[in-house]
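Same chain, two partners: chain A is paired with chain B first, then with chain C.
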Partner chain A sequence: MPVGALSHSPRGSRGFLERGLLLLVVLVFLEGIALPLGAASSPDTSARNGAAGHGQPDDHGGKLNETHEKKAFPVLKLEYAPIRMPFEISLWVLLASLMKLGFHLIPRLSGIVPESCLLIVVGLLVGGLIKLAGEEVPPVLDSKLFFLCLLPPIILDAGYFLPIRPFIENIGTILMFAVIGTLWNAFFVGGLLYAVCQIEGTHLSQVELLPCLLFGSIISAVDPVAVLAVFEEIHINELLHILVFGESLLNDAVTVVLYHLFEEYAAAGEVTVMDTFLGVIAFLIVSLGGVAVGAIYGILAAFTSRFTSHTRVIEPLFPFVYSYMAYLSAEMFHLSGIMALIACGAVMRPYVEANISHKSHTTIKYFLKMLSSVSETLIFIFLGVATVAGPHAWNWTFVSVTVILCLVSRVIGVVGLTFIINKFRIVKLTTKDQFIVAYGGLRGAIAFSLGYLLDKDHFPLRTMFLTAIITEVFFTVFVQGMTIKPLVDLLAVKKKQEAKRSINEEIHTQFLDHLLTGIEDICGHYGHHHWKDKLNRFNKTYIKKCLISGERYNEPQLIAFYHKMEFKQAIELVESGGGVKMPASVPLQVSMQNIQPKKQPPPDADRALPQFTKSREEEIRKILRSNLQKTRQRLRSYNRHTLVADPYEDGWGDYLLKKQRMVDIEKRMTQMTNYLTVPAAPSDSPTLRRTRLTSDPSAFFTKAPPGTVPTIQVELASPQSPDSVNLVDESSKKGVSAQGPGPKSGADPTKEQGRMVNPPSAGKGETGEEKEGEGKNPALLRCLSDPGPSNEDEEDEPFLS
Partner chain B sequence: MGSTNSTLSKIPNVEELMRETGFSPAHIVRLYDRFESLDKEKTGHLRPEDFGAINRLATNPIGDRIIGAFFSAGQETLDFHSFVKILAHFRPAENHRLRDPSLPEPVNSRTSKLKFAFQLYDLDKDGKISRAELLQVLRSMMETQVTEEQLESIADRTIQEADLDRDDAISFEEFRKSLDRVNIDHKMSIRFLR
Partner chain C sequence: MGASQSGRAEHEFQDLSDRTRFSLEQVNNLNKRFRQLSNNKETLSREDLASLPDLDNNPIRLQIINAFFDKRNLSQDGVGIVQEISFEEFLMVLSHFQPAAMDITEDNREKLRREKLRFLFNMHDTDGNGIITLEEYRQAVEELLSKAGTIDPDTVKAIADAAMLEVASTTRGKMEPDEFYEGITFEHFLQILKTLNIESTMHVRFRNLDTGNMRCGK
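Then we have the complex of A and B:
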């Protein structure tokens, strides 16, 4: 890590820096050399595309010759042609990934310059090297490659992880910016460019109106890739992020329609009123059709995921394949592929996540992130390479006017639209917000690829357009991208709040939702909340039943949220080296009794793990209890089932390594749990620890009111009961008052050791005695009647080798 | 509008009402029409049964609490003034910078909105949300089969998170603090009441 590097001695940090730079230089050279070398070593040096086919005749000719004169059998042969294509692709991907690695090794660079800029520079370098080597630069940003391979992963990643709630809440604003803003930009830029071109002295009078408008529509669309790349690093507040990002996603429909409209009619030379009317209809079809296609595939994916509980291994595949099919199907009909992808991802996510296992969820998440990251890196590098490739037709007037007009139109558009939008918003957009929205309108590779797609015959000025597009892209990415971060700091724009959502917020927001729905009903007003409530009900009664497997469809959102929180904490705890509270077997039995009458199959039994038989569970729990290291009682709730599965499989290897981190974690935990605990004594002997550990269940359990006893399904042990908190406080306080903080650790184990050594009944008596002084808790006595944990003396330490 | 004025004249002390709540005449008229449509027997007062007649409110998990909030302090009937005053809580708040700090807190400020919500939780009006009250709310919100243990775990967790002075209940300050990051203005405002 860069920070780690800086903390070393200056020599060390310089070493890192040097290494990083050296790495970069080496890689760039490697790439630059490999490609022309690849071209040179293939038997056919003339064409760079699909040389394999051309290579064949030569080879055959060579072989024929060989049969006539017998040469020595070639022990080692270099035949590059057949593997050329995959090799080059892999080399590009490798370069992209190594570049990304390299940038983060260099500490300060990634703070000043956004990654996208650096990658473009790398692309420029590589392209330059290739050109220097005398080879023709490959047309890497080929539109087919871009639209079919590079763009979908990024959009899918964005769509799958789209924060639905802020998106829907601001959908009106986003649509206004996306549709009307883009239209305004397109016509403003296109029209004024045409006007400028008509001016004498620019030698551009041959530029007609329609190509100009087409150019305007290409250049006016805010690019999601660039926006993502830059906004990811500035951590701006959620509202602004979703506004700009949502706009960049939804303006695809407008761009598609305008592009096709002008492209079609550029040949004809004029656009009639009928055509504009058809254009509007086309827009509706393109956008709504795209969303519909995406939604259909999304539902299919959700439905499929319902049945994957027996083949968890291929579970992650389905979201990817269905989404890609959605994209391709939409592209087939010239609908908006981007909107299809977003709709697919957003629709399938809640249902798929309810169905798939935790591991599949992690797989999907990381695979998506990985793919989108590589794609993004490749896109920027290719932008650089394509710039070097040319061909360019530089025209000062055209280019500079384009850049200026884009800025101006963006500002005017945003300000004007905000003025109108603020009349309808509850939370108004301030001037600062408007500035960021305007400034964050970056153009990127989509504009370039669209320009690349233009037909040379219909658009003789294609090269000039391309040059202007590239300049605009460079300007926005470099100038705006680099300065937006300091500007955000300067203007003190609200940043993203990193804290996770608390359960309080979740409960209260739901409560408020209900409240507002009720008030709306009282007022007789069919507002926001009314429709949201209706949708939720519909979702619950019909859709969830179809798409979510097992009984889980009944699970209220709050429970799911709660489970997620607990699960996360449990994983954190285990990763930090244990310290997890494992209550005794008794709670399980008690909870079993509690569960029988309800006659409800455990909703979460299938969620993350295979089914355990009761005895097996018993075994596992015993083993875990004896081997998880705990130095003090923890009153955190956790998901016992996931702990049984994961630490059993994953945690043990790291367990020994992570002992040291426990102390830090405990300190943190103390602050978080907010109660008086026995401080960790790191230098405890294993026996002492184990005694405390094994005694914990009994001490714990005796205080737990039966109501909070954990169930098989998910919920946690007693910990959360305030009663238990108080009681534990009392007991540890007791220990504290008796001795100072130092020997405290000694005092408790002795007491507990005593408890442990005696048979459960005697131990009960002792604890009962102890607790008498604190006032009889009827719940306590009830618990005491249950048998305590079985004697753990015989447990050896199999895992702590 | 002529009809507005005529309706306005039917309402006693309408200027005072408008001043207190900040509603415009059009809003008052709208609310008055609604009041009259709810008041089926034309007594000029609303009773809890009138609210119960609103179908959708019956399916709302906290419907009875909301009705209870209108009839505070054990009143049997609700007149138009109180009706409007309570609904004024849900008016979108104005720009805070313009407010004169010496004036009393407007009824639709963030604090008063939160207070109103708090009262819905705190039925026994002791100024705290106890664990039992929280459990009740949770039980009513989770309409489907949820085990008692799960509810209790959630309740415990909630209180643990929010309870700063460790008195095992959530006071108004703690309630307000836990909702720090939520945009209450946005969440507790009904657009058409602007």
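Then we have the complex of A and C:
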């Protein structure tokens, strides 16, 4: 890979830029050369057939037919035509990705200029080069390509990862901005533009009202792609982000209706009241219909994911296919495809995530991000190329008036609407917020594609419209996009809080929800919280039962959150603990005994705890330490599959039994923390320490000869088991039903060896524990039951999350 | 029922409205509700609240009801529990759930946050000693999960323990093995819940308009 090789170059960033451009030129020329050759060997250009001398139809085999001219058997042939399309597509994708790589190698640049601008510039360059090479610039931003291939991944990514809670909380505001704001923009810009065109001296009097209004409706919609691209880099607080972003998503319905309305009637020349009335109905149908279509497909996807526990390999496919079909179905009926995609992603996400394995979850996440990133890059590059392609009809008045009017109307619209909205909001929008919302209303490629779709016959001024649209897009992306970051800093707008959600916050958020619902009930009116609570309960009792497999539907949110958190910590621990050299002894920050009230005397402790003499403690300590150090490397090479053994149905109870015993032993172990200084990993939260102890498979794998040391035969718990962490409860003294380590472990010494969970027969007596344990381990079951695509898994980062 | 009665009630309400920052209409509406709940008696008792059917599904209903009768929420330095509350005290408890005014200053915002968090704190600190101990926290988590079907008590304990550890780690930092962390004080509570922006989230929309029928929605 050329760029990769460049990174070893001792030269600075200038070298990269030069070589990047060189690469660009090479690629373009390659394409340029390939095109005439492709034309030459193409079978349908019959004029050249004879001239080229091959004279054969498509089949490659080199069969000699009637032509009596016998040539030597061609050992090497160049035939570009059959592979031309995929080749060009791949070249573009490669170009986009290399550009993206290149930008991030130049650190200073990406801080000043947002990526979207750079990509447009690259597009301009590529377009320019192609033109220079004498070739015709391909119509890359073809509307079909854009709307069917490039836009859906971005919207799906946005919809799937949409933060539902802030979205729903602000839905009123968002809808107001999306619907009323866009309508206002469209009519203001369209109307005033028409008025300006009527002025003498602009030579534009042939512009009619309806095309102007159509133009206004195209240009007035805030573009989700551009907003995403720019806002991603400025990290403003969640409220503003969701307001602008939500608006850009939901205004699609308005745009679709207005566009079709004006397009239909521009031919007819006038719009009656009846038509506007029908337009309103159409708007309701378009938006609600889109959402309904999306929701249906989302439920289907969730339902399907319930049954995929045996074929985990194709699991990630379903969300993608169902969402794409939702989009296409909506587009088929001229409903809002964007809203369908958002609805589908948002509806299916909680259920799908509860059903699929962690690997699939990671796959979906990364694949979505990859697709949407590539799409976005391509869109911006194509914008640049399409600009060069033209055709353009520049008209100073029209273009400048458009740009100014868009800005003005946006500001007026936002200020006016906020004034009304603030009467109903509890958390009011300040002036700073309004400014950011107004300034962040970027236009982008959707406007361009819509303009491109216009019919030349009905709209003779199509080229002028296109030029104006492009100028507006450039203006917003470059000027507004580049300046918004320093403005955000200047105005000291609140930024996004980076902190991860802690368990305390989660507990109290839920607590607050219930509290507020209760207060509302006491006060007697059914507000927000009441309905939200009702919806949640409905969800839990009916919907989750259908759509979530296994026992997981019963899992309350708090517990699910806790599992996820412990799981993540366990993963982090495994990853970080792999190659880190441990210090000799690091005291813990806070451990359970700091919290445990001293006044509770542990009555059972004396009975359960075997009496260790000093020498035994020493030995235990030494053994543990040496094993811990040894296993640092072993952890890394741990293979998921040796743990994921087959008999998960039969050996399950057994596994749980072992885990239970591990818990007991852990309890006893931690009572010895006063005496042992088990070296702790650098990440020092106490829960992490517990997870480390539990997740270290061989940490407790002591081959100590029985008799000198009480056999602490601890289980090889997999690091992936969140529940082994949950069950570790150092402070609970209940039910440590005198399971001395002696008798049990003596009974089956074979179990603890090795990592395979073999199903021996001794599990029969413990059915009680089995059942109890099974209820605890749906997450573990789900996670471990995914063997992945093949048995040789990549070892480096098994739990990327 | 006579003019004098309503006149006196008006005056009272105005007084209450000034003191609790509710508007006059809101006071009126809440008074109607109070009468409904207490079956037209002068005071509200526990049973009146406990018999509300809507509250049945709420996992923390007991704690909510207790909060109304907790003297700490009724006045600055009250201690203990009362059995019945008057309308004024009802209003005082509910005033904790008012939203922040739009033009609130930073200091007032901080004060408001403390007030609301103090209410939450009092709900957890059931024995009133100013500290949320591990037991009390466990109790709170258990209550929270009580309506969610059969929950394994070990998990509950684990969650509460993890939460407690988190508080201890963030507020106390490093602790020696023999040091002891008694419980979450109010200051620590403030610290760990700083990101929740309580002053903007802990509020209920109080009806301004006269809703004749209790069941009418938004």
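Operating definition for what follows: the second predicted complex is superposed on the first by the 510 of 801 C-alpha atoms of A that agree within 3 Å, B and C clash if a C-alpha of one lies under 4 Å from a C-alpha of the other, contacts with A are read in each partner's own complex, and residues count from 1 in each chain.
Heads up, the rule we're going with is that contacts are C-beta pairs under 8 Å (C-beta built on N, C-alpha and C of every residue); 3 or more make two chains touch, one makes a residue touch a chain.
Here the structure is a predicted model, which means the values were calculated and not measured.
In the superposition on chain A, A:Gln497 makes contact with both chain B and chain C. In the superposition on chain A, A:Ser576 makes contact with neither chain B nor chain C. In the superposition on chain A, A:His514 makes contact with both chain B and chain C. In the overlay built on the shared chain, the residue A:Ser409 is in contact with neither chain B nor chain C.
Using the contact criterion defined above for the overlaid structures, shared-chain residue A:His525 touches chain B and also reaches chain C. In the superposition on chain A, A:Asn422 makes contact with chain C only, not with chain B. Once chain A of one complex is fitted onto chain A of the other, the partner contacts of A:Leu558 extend to both chain B and chain C. Touched by chain B in one complex and by chain C in the other are residues 426-427, 497, 499, 502-505, 507-512, 514-525, 527-528, 530, 554, 556, 558-559, 562, 565, 591, 594-595, 598, 673-674, 725 of chain A. Put simply, chain C touches chain A in their complex at residues 30, 33, 36-37, 49, 52, 54-55, 57-61, 64, 94, 97, 99, 102, 120, 123, 133-135, 140-141, 144-145, 148-152, 154-155, 157-159, 161-169, 172-177, 179-182, 192-193, 195-196, 200-207, 211, 214-218. Put simply, chain A touches chain B in their complex at residues 169, 426-427, 497, 499, 502-505, 507-525, 527-528, 530, 554-556, 558-559, 562, 565, 591, 594-595, 598, 600, 637, 673-675, 707-711, 713-716, 719-722, 725. Residues 31, 34, 37-38, 51, 54, 56-57, 60-63, 66, 87, 90, 92, 117, 120-121, 131, 137-138, 141-150, 152-162, 166, 168, 175, 178-179, 181-183, 185-193 of chain B are the ones touching chain A in the complex. Touching chain C in their complex are the following residues of chain A: 422, 426-428, 497, 499, 502-505, 507-512, 514-530, 533, 537, 554, 556, 558-559, 562, 565-566, 587-598, 673-674, 685-687, 725-729, 731-732, 772, 775-776.
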